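Presented sequentially are two complexes of chain A, the first with chain B as partner and the second with chain C.
Let's turn to the complex of A and B:
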């Protein structure tokens, strides 16, 4: 089983401050709605209802999007998705692509695929841009560099961009903005995810606070063919615009405490080319609807609900384990409570399959989730799956085997408990319990078992 | 004051946006000014000193709706407003009138249901809630990353009227 390193003290404090701030702001913004619980239920019903009739809505979305001039393509695997994007880049002859933050493109390792073909994919969310400059994966679903101090960010920019050192967040943002603006003005391939796909209207919904999502999908370059490719999971489809309005009401509030993300954009298609219609916007819009293991999740009744996730990040913000270990310790694209569920569902590796053990099962995640996903029960279920697949260590399986035998044979249990009480002195117990017992003592075993006491003292 | 307007103004201010009086609009149009083709902007067309929003310091545009619940300005792309006119200039000034206010996003979708049918809808619907923002560096709020640093809303009506 994997061992997750605990964050060093300093970084843990920075992280805790940021996460608690987000939680505070969420609490205030949720308090505006006395019927928040009912709103969560409705959000859950919208998402779960969409999954119940997934194929119907996907087909409807596909037809509506086509009517809007969007090319919709179903892709089964990460490789297929990457090949498609590479082919577009080659066809329009670009060596740079601008990217808006998207977990799905991380999931399929699109950047790596593009790089091997000599195409540089530039992240344009400020946090992701900085993470990319220093070669780190995103730390948190919605806050990719929440673990870095302003000094560290200053050194990264000074180092990589050759600018004078500053640790002022406003200056740093300005420096990064200018560097990215130059790229935006010539970029012809824009890559994004999608927060929702609307079946009724064939729209993509994309939210960003910085406006980079709008830049990547508008592509302000003046010449040459410009193409926007959105890559998203099949589970992102929702029936109608009114559903989007409701989900958006919960999304930003849950994640950051804002009422609405600064830029919420509905993309209905490429630039309208009729004379006098539109002056800017891409020539083509492609949407890749990715499976990559999602249909298998849909078939498992315990994991199906996890597909309802709207990626607000609140479950990570509230998770006591995440607070201690941070995002990188999960060593997976998707981290935090729901990230563990997704990782274990998508990837059949020991690393991913054992992530559900990195949880206290306290249920804080399920309590905060705006779409009411029963996250901790999914994690519990996946522990069983991991054990069935032989991903748990041998000693653990042995212990559980012994437990089962003892619990189903009362005589054996009674005998075992007598032996154990003779054998395990407090000193031995404390030795076995290390490192937990380094700062505390385990209570000594009772001298008599409950059984024995009952025999002696129960009223006849 | 119109209660929707009151809520809109208050919530827009909470996002870091500002509301200015029509009388003060002139003073906002400094530097390289881009003025959109929206009919509401016509009276200021002569103030334009720049035809390309990519190069403008200030962009003056109209809008299609406003949302009181979130302090949001809604702009449809098309012949009058482009996807860029509301995005690239450091200051974005928006003109609108009280009749365009909706209580929430659902109402906006209902109001424009006709225009939002597949094949007929504007290529892009932009819901703009305050200036461009980030809190990526130590959770410090910085405005004006890729989009405008300043978002100023101007009502065509003065707010003192009965509503």
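Let's turn to the complex of A and C:
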């Protein structure tokens, strides 16, 4: 069984402050819409409708994007996606790429693949940049260093960049901006994800808060060929711009409580080269549409819903388990409630199969989800799949079998109940009940079970 | 009405008084209450563990035992949620099959089905209420227990301002991940103590067992009590 440590108290408090702030702001910004529930339903219908006709919309997107001069490539696996990006880097002769925050590139471990080829990928989302500086994976779907205090961020920057220590957020931002700006101005390879791919127009939609997404995708370098590669999952396609408009109303509100992210970028292709048309923008835009297990999710009616996810992170913000263990405990790129569903779907490993069990099934995640994914029911389904795949140890299956046999024979259950009553004093029960009873008492078994009491009660 | 009493395992073993209180209240309201002695478990623990074939065997059995009643009532939101929300998926039943719609949690049965909120109980204490997750989010029962509590004479009701969030029980979760579960429970207990209540009421014995186990471990003066027991005139 996976050991799931609880974060130490100080870290829990830092994390809770940040997550609760996001939840409070969410409550306020959601309250602006009396019809929020209907909006969630519509958002769900948009996403589910797109998945119902996924191939049709993907083809439409591909045609429209191609007409805009974007190269759309379908990639089946993480490896294929990484190879494609490496090949571009080599072709245009760069050793550095600037990256906007993207969970899909985390999923395929793109940075590692680039590094082995001698190409440095520089994260430019502030949180992601700091996570990269200290060699940590993102702690949260949308907030990679939500668990760090500004003192800690100050120390990391002082330590890694050799600048004087400060914990002033403005100063910290300026320090990071200084380090990034030089890279932005010379980078010729920009890598991003995409929040949505619009079938109608062939556009990519990118939401960011720091403007770094635009720097990574416009690439202001003066010399040499410049290429933007966007890597995203096949599930991110939506039919039309009006659908994006609706989803954007829910996305930032749910995640951070902001009405919109500071930047919403629509990318419609590379720089148009005809004289006097456009002076900025990359020479090439490539979109990689990644499967990597998504089609298998699509085929399973219980997991299909999870593909509706728009990666707002609200389910982590509200999850009482996530609050206590934090993102790194999941040991998976996708963490928190929806991350557990995804991880178990994408990776057939024991670690990933364990994640759906790290939940009390309280259902707070499903209640907050802006696209109404029944997250905790999907977790239950993943538990079934884990058992079917043999991730439940043989002895546990045996226990469940014995339990079922006892429960199928009331006489056996009744006998066990009477014997337990005679044998198990509270002291013995507390010893037998470890590890439960290391921190909690078990109540004493009632002197008589209900079953026994009813025999005396019934005639009354 | 011919009511079948569904007494989940935890109530049977640890909290039989809650079961008796349900029976007495329903009888007092003029209904015939029967406890089918061959009942055991609804199958939820195995279902939550992913071992669905074992759960399905017990689910089928459950329906056989209770099918003859006009209504089935249980002092547990979690076990009723198992029947109502998960049996259809588990046994391939229609979600509104006639059996499913006849199974009720105690407080929703009183308020929604029998239109009773005032049971004439008196309880001269400050009381707070813990929303158990399955009752709240699977069955969407939130107001009914509060209505019942507010009608109790002398009862000083205070809301538990913590979300509402899970107490950390989660069935097998509390055994598999005892540290996480405990920290969740400790925060819950702290919130309960902040209300100044003398009793914490819940409609699920899993939560009561977990919260109660933490309360006694830290020698708290707060006592856990099942809603039915409070309404039935105990302790």
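What we mean here is this: the second predicted complex is superposed on the first by the 448 of 460 C-alpha atoms of A that agree within 3 Å, B and C clash if a C-alpha of one lies under 4 Å from a C-alpha of the other, contacts with A are read in each partner's own complex, and residues count from 1 in each chain.
Convention: a contact is a pair of C-beta atoms (placed from the backbone, for glycine too) under 8 Å apart; a residue touches a chain by one contact, two chains touch by 3 or more.
Everything quoted here is computed from the prediction, not taken from an experiment.
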{"item": "Clash-or-fit label for the pair chain B, chain C on chain A", "value": "fit"}
{"item": "Touching partner for A:185 - first (chain B), second (chain C), both, neither", "value": "first"}
{"item": "First (chain B), second (chain C), both or neither touched by A:165", "value": "neither"}
{"item": "Degrees between the directions from chain A toward chain B and toward chain C, using C-alpha centres, nearest 10", "value": "120"}
{"item": "First (chain B), second (chain C), both or neither touched by A:143", "value": "first"}
{"item": "Partner chain(s) touched by A:272 [first = chain B, second = chain C, both, neither]", "value": "first"}
{"item": "Which of chain B and chain C A:415 touches, first, second, both or neither", "value": "neither"}
{"item": "Touching partner for A:248 - first (chain B), second (chain C), both, neither", "value": "first"}
{"item": "Minimum C-alpha spacing, chains overlaid - chain B and chain C, in Å", "value": "21"}
{"item": "Residues of chain A that lie at the interface with chain B and also at the interface with chain C", "value": "none"}
{"item": "Complex interface listing, chain B residues touching chain A", "value": "11, 14-15, 54, 69-72, 77-79, 82-84, 87-88, 104-106, 109-110, 116-119, 121-140, 142, 144-147"}
{"item": "Of all residues in chain A, those that touch chain B in their complex", "value": "14, 17-18, 21-22, 63-65, 67-68, 124-127, 130, 143-146, 148-150, 153, 169-170, 172-173, 176-177, 180-181, 184-185, 201-203, 209-212, 214-215, 217-218, 220, 241-242, 244-246, 248-249, 256, 258-272, 276-281"}
{"item": "Footprint of chain A on chain C - complex, ascending", "value": "7, 11-17, 19-20, 23, 35, 37-41, 43, 45-52, 54, 57-58, 61, 86, 133-134, 137-138, 163, 165-166, 168-171, 173-185, 209-210, 212-214, 216-217"}
{"item": "Chain A residues touching chain C - in the complex, by the definition given at the top", "value": "1, 4-6, 12, 320-321, 324-325, 357-364, 366-367, 380, 382-388, 392, 396-397, 400-401, 403-404, 406-408, 410, 413, 417, 420, 435-446, 448-451, 453-454, 457-458"}
